[in-house]
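Each structure below is given as structure tokens.
What follows is a pair of complexes built around chain A, which joins chain B in one and chain C in the other.
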Partner chain A sequence: MRIKIHILMVLTAAFSATLAVPEVYADTASSREYQIKAAFLYNFLQFVDWPKEKIADANKPIIIGIIGDDPFGNVIEPLKDKPVEGRKIVIQRFKSFESLKKAGENDAAGAKQNIKALGECHVLFICASENKNLREIVESVKNSGVLTVGEAEGFLDVGGIVNFVMADEKVGFEISIASAKHAGLEIRSKLLRLAKKVIQEDAASGILGEEKRDSA
Partner chain B sequence: MDTKKHSLLQKLSLIAIFIGLWCSGDVLSAEQQNADKDKDLFAMSIEQLMEVPVTTSGSLTSTSQRKIPAATTTITREDIQHSGARNLDELLDIYVPNFEYIRHPWEFQHAGLRGIIADRDPKYLLLVNGRVMNEIAHQGALSERDLPMLTDIHHVEVIRGPGSALYGPGAISMVINIVTDSVKTFEGAEVTARLGGVEEYYAGEFKYGKKFKDDSGIFLYGGTNDYLGADTEDAPYVSGRQFSSNPTIRLDWPLAPFPPEVSRTPVPQNHDKKIFPTRRDGEAFNDQLKNKLYGEYTNGGLDIWARYTRGGEYCPIDMTWNGGAQEDSVQIGYQQATGYIGYTQDVSKTLTVDYSFSYDMTDFATVTDSATGVLGTAEREEKYYSKVIAKWVPNEHHSIAFGGEWQHDEFGLRSSMWPHSPAIASVFVDACSTHPLYNPTGRLPRWSTDMYSLLGEYQWTINDQWTTFVGGRLDDHSMTNQKMFSPRAAVVYMPTEKDTFKVMYSKSVRTPAAEDTKLANMQTGDKAQPEKLSAYELRYERQQTKKLLLAGSLFYHDQDIVTAASGVAPVGNLKSWGAELEAIYRTQKTTFTLSHGFTKQIRFQTPAGANPSVGQYISASAFGYGNDLENWSNHVTKLTARHDLTDKWSVDGSLRVYWGFPGQKDYAKYNRDQAIIPFDWSNWLSYGCYDSTYDRVFGVGMLLNLGAQYKPSKNLTVRLDGYNLLGLVDHTLNKRLIGYSGGSPANYRAEAPAFGVSVTYKF
Partner chain C sequence: MRFLQNMTIKHKLISITLVTCVIALLMAGASFIAWEWMALRQNMVRNLSTQVEMIADNCKAAIAFGDVKDATEILGALKAESSIVSACIHNKKGEVFASYSRDKTGGATDLVYMPRPIELKKSGYVFENGLLNILQNIVLNGETIGTVSIRSDLTPMYVMLKRNTVTTIAVLLLAFLAAYFVSSRLQAIISRPILSLATVAKIVSEQKDYSTRAQKQSNDEVGLLINAFNEMLEQIQQRDLVLVNTNEELEVRVKERTAEITGVNEQLTKEIAVRKQAESTLRENEEKYHTLFDTANDAIFVMKGDKFADCNIRTLEMFGCTKEQIIGHSPYRFSPPTQPDGRNSQEKALEKINAALAGQPQFFEWTHVKYDGTPFYVEIGLNTFELKGGMHIQAIVRDITERKKAEEELENLNRELEDTVEKLTLSNRELQDFAHITAHDLKAPLRAIGTLADWISTDYGDKLDETGRQQVRLLVKRAERMSGLVDSILQYSEVGRVVKEKTKVELNELIKDVILDIGPPDNMEITVIKELPTILCEKTRMRQVFQNLLSNAIKYMDKPKGRIDIDFGENDEFWKFSVADNGPGIEAKYFEKIFKIFQTLAPRDELESTGIGLSVVKKIVEMYGGRVWVESEIGNGSTFFFTWPKEESEAANNDIKLEANLVG
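Let's look at the complex of A and B:
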């Protein structure tokens, strides 16, 4: 066994590094798709304006809710270390809408509290496992200033605001301005420009118009 | 070691010291660090995120990870780092279920999957960024595998199973796709220094990414390495013929007297490591540096990259063959240069067309006698390749991909590694004048081949639960006697959010090595018959909880095998089956992966009237011995673990267990039973023997690696790795069987217990 002086030199160099810097999050290898979608959720926060009353208290965190069988796992955890406009981000998970309702069978006040918790989210990601409850979930938060995000066909038709779509091996999204307006949210034009599809609201006739975009 | 390499080592060491000293001071303030851009996904803009591909190599049409109609393994950059792997073979061996590699008596080591392995590496495709890198004339997948520089790799995708329907001939067992970093995944600069002790090596790498606009930029990478390997004391080479408790067994060799005391060495409990001095394990070809260079320019849909690699190794041969000449070996070396241009055109919202053109030059040489420098092979091949694929997605239910490829290959070119020699190949030269392939000139002719291909796939998403895939590929090769058709069909059923069922059928094909097809064509006028494999697989995946993923596969193979030694026609038909179980458990701080692969021969049948001893090293069952694959461990178990102790410290480890080689034992028994016949030059089987009590070589092999990682800052990572640590207790646990032994049974090389240190700094 030949041990060269270089080994000692490298070891010395390596262990002389002692900077104290916030941790580097170990990027665990979860589904690539949900890593990308988590990053999209973070970006959405920067291009949506919430009602003043929703963000009045600057000390309150921004809440990203996830309802259903969480596909993100650990890959969404880095958001906790990325404040937006000085506000921390908190991830709140809800098991399912059925479980929220079941809790209310015996305790109406408790059920109301649970549903209220949904409404306190700034962003609510509705997992694919909740596809059969989409309309109910969207209805339950429609007046609460919540950016509802889904990944199901027809999500915008039931009142959802942003829907993830897949095209050419990449993640894209569609937006319903109509649903955003009903929720009291303002979506900035940059986000609208990048959407694959934008559902407008015709102010005169109330007919929803759909604007399809070419691929980015 | 010469002065040039010595100064390189000094430079590497100085770089490492500089990095350490720089980081240990208060050079970078917290504000500066916070201002540094986080180059992960969360730092990307929406425009950038929309350009990040989601899917892997497992389908031609776009689909989600869950629906990919194949068993796949993805090894991320973080997985690579935590494995401490010193080369691609080791990396795949650690992570890919039912994958293993074995040594060869005189060639580069061979990798295989699910029992499909050969005495070269032509039965799987090795890709870089989707471009096939296999050397076609002789070896198969050769480049990239031995290089201890891995930081240019963003991730590695492995399609476990036949892949010719997507990638063409050669993807019999698997497809390995190395996806490199690009400007989309890396910005800034990073340096890495690595060194290994016991198995000695020194490596330095540098990479740089610069974005010009949102969708354009360059990525550059350079790496070099001096690989000295491990000496025989730490990595002994053991031949079964060294041991005999029976004084009547002859170990004849007409060329040189065989030490009589060695021929009667008692079977040891733990072999004597000093029996045969030989070349160091892993020692670099021709004592030269191994290098890797890569550069990529991206601008919107345009992608241009160039890659150069140089590597190779000494391959120690069985000393009992040649009269015990010390330190004898074969060397195999290569260099490869590849240029690629690709462009994606968005014709409409539903239609995109991908165009690509590439050029590849691969130099390959074997030095058959290291003492005299006699060349066995020295040749260069050039490959021109173009492809057009259209992808049409009319709506969310249907997706269609179709296109064509053209490949033109030139062979018999003079090797630039050995410019003084004409192009020669060992199959055209044989030391034995009575051998049917004897060619006194030894020179390769110059020739070319063409292949025209059509391919397509249709994906039908029936509803949220059902998706089907149908596709195939038709290849027309100028040197095969039939067109090659590789169909694929799959049904994916997702009844719940947790469960996924996949039923898959695929057929893959392979053309024999270009040297073999040319030689046969010269001698008989015949064209080659392709190798074919049909595979049926049932796979089940369950996301049991947020943290736990379970998966299992059941597969059946029906293969008409063409081996290197059998020339250009099948040597027999092999039917086999197997099963794989996988579990992946992840929390925020801990990750476990566990897999077990089982593969079993059902039947190996040689053609009626054929001599089963010619060209087949598949199974001794052809001679009536057992019913197992010669060069495969029926059971392969792999475990990896990783845990973050604190924000800065993490520990990890891996364990690979090969539960014995019954097929190799059967073949060795067969060889031993032939050893009583008088020695006959033309019959390799006549000089294979070993003592029947020495069967430890066919037992369990276990390779344990442990590592510790320290990340004092976002920019700096330091690792310490220990490799093959069980060998500190018992060397035989670290054994790598030397397969394709033919007349040399019961040989192995024990891989050295070793350590490594690496330092990476990102600017």
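Let's look at the complex of A and C:
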């Protein structure tokens, strides 16, 4: 029990170090988890290098997209006030991939437009509600330089780049360097060090294999 | 410093070089070490900064994602650096996020070694307690998300420093030795010529050998010095020569002067001796005077105003008191209230003192009283003298009590004598009167006897025999003689008894009368040598004088042809008459006797003389203030002189006469 509290404290500390969490949120396990995940999303911005063309216009905001049923609620809102390298952060929410496609059926151009909007995001968090559409979503933004972040098992296998995992009630993440490379993203080693699991360059070939960090 | 001054030049030079070297080396060494120390520190800081920066960079993600394990691992890499004692990562809140400790014993003690955050927002370093603390902020996206601090000990620096210091010291020592070696060789360049110069100077000063010369070895200042020294020696040598000559001259002069001075000295010694003699004489005199002053028979004292200021011993004896009892008192304290003349003592004394002060020495008699009141008589002489600007009175006081007594006695005696004389005069007069009366009274019976004898001779001459007649004749003769005697006595007694008025007497006439009266024998020649004057006198007496003198000459004449010369002389006061005869003369021993009454030189019967004549002369002459005397030689006659005082009018007359003569 003592250890738990300790870890919680550390987590809280780590989170608060990067992102001030409003006190108004209900202090539930779920909301705490998403607080941390929100902070992680923000921190990823600092250890990932986007292709130049993606960040060419310094005046344009950095877009964090959230697709599916938003689990963050208000927790994510403070990110908007914390610019990264002078660039504002915009949270863009998408209802679901289905609805995007539907909109496209009605109007092909519109759908295309909507799906294209996904590709304009810098970070795209795919909520658990979209687990069935993971492959499609990942495919749709594959070459758009979008850091896809999911929280589903096997996310990396379908081409996702970062996947949140829970270990010992602690939020961790996995990274697929191969997917990142495909997306034209560069992930810093510092971030890689922290990843619970890193899928190297060619996951399919398996030559390099996957590196798995042992967790204490 | 004295120690330095007494060192030889050689040692001084070496010392100077060495001291300079040591100072330079020490300064260089010290600066080197100091610089080294600074450099090492900087180096260390730099190294550590690099490390801490790396750590800060490496653990950014760990902090961002709260990965303690990762952060701890990163810190764990510091193990490679043995000097790092501990390291710590703090989060934004200042809480320990991860830590590392070299001497890990585990648990909470780790925290003891934790470097504390210096200041969260500031990177930097600080040396503290021999430890270097360095802090680096961890900045992510422009935001400080934590700090990394490392604490390192300074062992590597000290090790380096020690090694460098040891090396430096070794180099210093070597340099010092080298400097010593070099300087002890090189100092000779400077010291050798100076030392040789010093040696020469010593020889010159000890042996007085001015012919020695120093060897010149270089052309620097020492060379100049040696040149100058040699020149100086040259000059000294020359001057020495001159000096020797001068000295000889001087010696001669000194000898002369010494002789002179000796002479002067001897003279001086003599003079001093003389002066000493004079001084001792002076002292003796002083003593003498002092003794005189003290032992004087007279009291001598000094008064200031009317107070005693000083006195001699005799004064104290005289007044019967001590010095303290008299000094400061006035003389009338020692006097009775009044003096014998009835005057107040004080008044009179002041009068005398003032008179003396006015410059009139006083001499007077005084009655004093002793301290106990006994009176005594003195004679006082007052004189003034000036001493130290003040007028003083010197009084010499002689006790005349004894003399006074003697005087009184004398006075008494005199008075007695006067009484006696008076009595005597009275009795003398009575006697004279008695003689006169007796003589006068005797005359009548004598005349009667003479007449009677005459009658007998006449009437009874024929009746008497020859013897009878002879005796009657003798009787008549004796009666006549008796009558003469009585007449003479009468004459004598009458002198001075009856004083008659003086008249002008023409002496020539008077002599003629006298000669006529006497009727001298024919063989007598009486001559008046020059005309006699007319004088004012009692004629009878004068006649008596001449009559007696002439009678006397005639009476004793023994020559067949007698001669008598009458002469006179005069001066202002008296006449001097002389009657000279050529008679038998008188022995000198009788010159006085002949003028006494009843004295005759011839036997009574030989010459009819009463022995009164000359005494009458003497009596008359002396009565009138003249003198009578005789000058005579046996066989050559006698000259009787007598003087007769001139009356005042006579002297005046003479003057007139003289004047008349002058006019005429």
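Basically, the second predicted complex is superposed on the first by the 178 of 216 C-alpha atoms of A that agree within 3 Å, B and C clash if a C-alpha of one lies under 4 Å from a C-alpha of the other, contacts with A are read in each partner's own complex, and residues count from 1 in each chain.
Please note the rule applied: a contact is a pair of C-beta atoms (placed from the backbone, for glycine too) under 8 Å apart; a residue touches a chain by one contact, two chains touch by 3 or more.
Just so it is clear, the structure is predicted and the values come from calculations on it, not from any experiment.
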Partner chain(s) touched by A:E85 [first = chain B, second = chain C, both, neither]: second
Partner chain in contact with A:F40 - chain B first, chain C second, else both or neither: both
Which partner reaches more residues of chain A (counting touched residues only), chain B or chain C: B
Touched partner set for A:L194, first chain B, second chain C, both or neither: both
Contacts of A:R32 with chain B and chain C, given as first, second, both or neither: first
Doubly contacted chain A residues - partners chain C and chain B: 10-11, 13-18, 40, 43, 47, 190-191, 194, 216
Touch list for chain A against partner chain C, complex: 10-11, 13-18, 40, 43, 46-47, 84-85, 188, 190-191, 193-194, 216
Complex contact set, residues of chain B against chain A: 9-10, 12-13, 16-21, 23-24, 28, 30, 33, 40-42, 44-47, 49-55, 62, 64-66, 74, 76, 78-79, 193, 195, 197-198, 200, 202, 233-234, 346, 348-349, 352, 391, 393, 396, 464, 497-498, 543, 546-547, 586-588, 591, 644, 647-648, 650, 710-716, 718, 757, 759
Partner chain A, residues of chain C touching it in the complex: 58, 60-70, 91-93, 95, 97, 140-141, 145-146
For the chain A and chain B complex, residues of the former touching the latter: 1-4, 6-7, 9-24, 26-33, 35-36, 38-40, 42-43, 47, 69-70, 73-74, 77-79, 82, 127-129, 131, 153, 165-172, 190-191, 194, 212-216
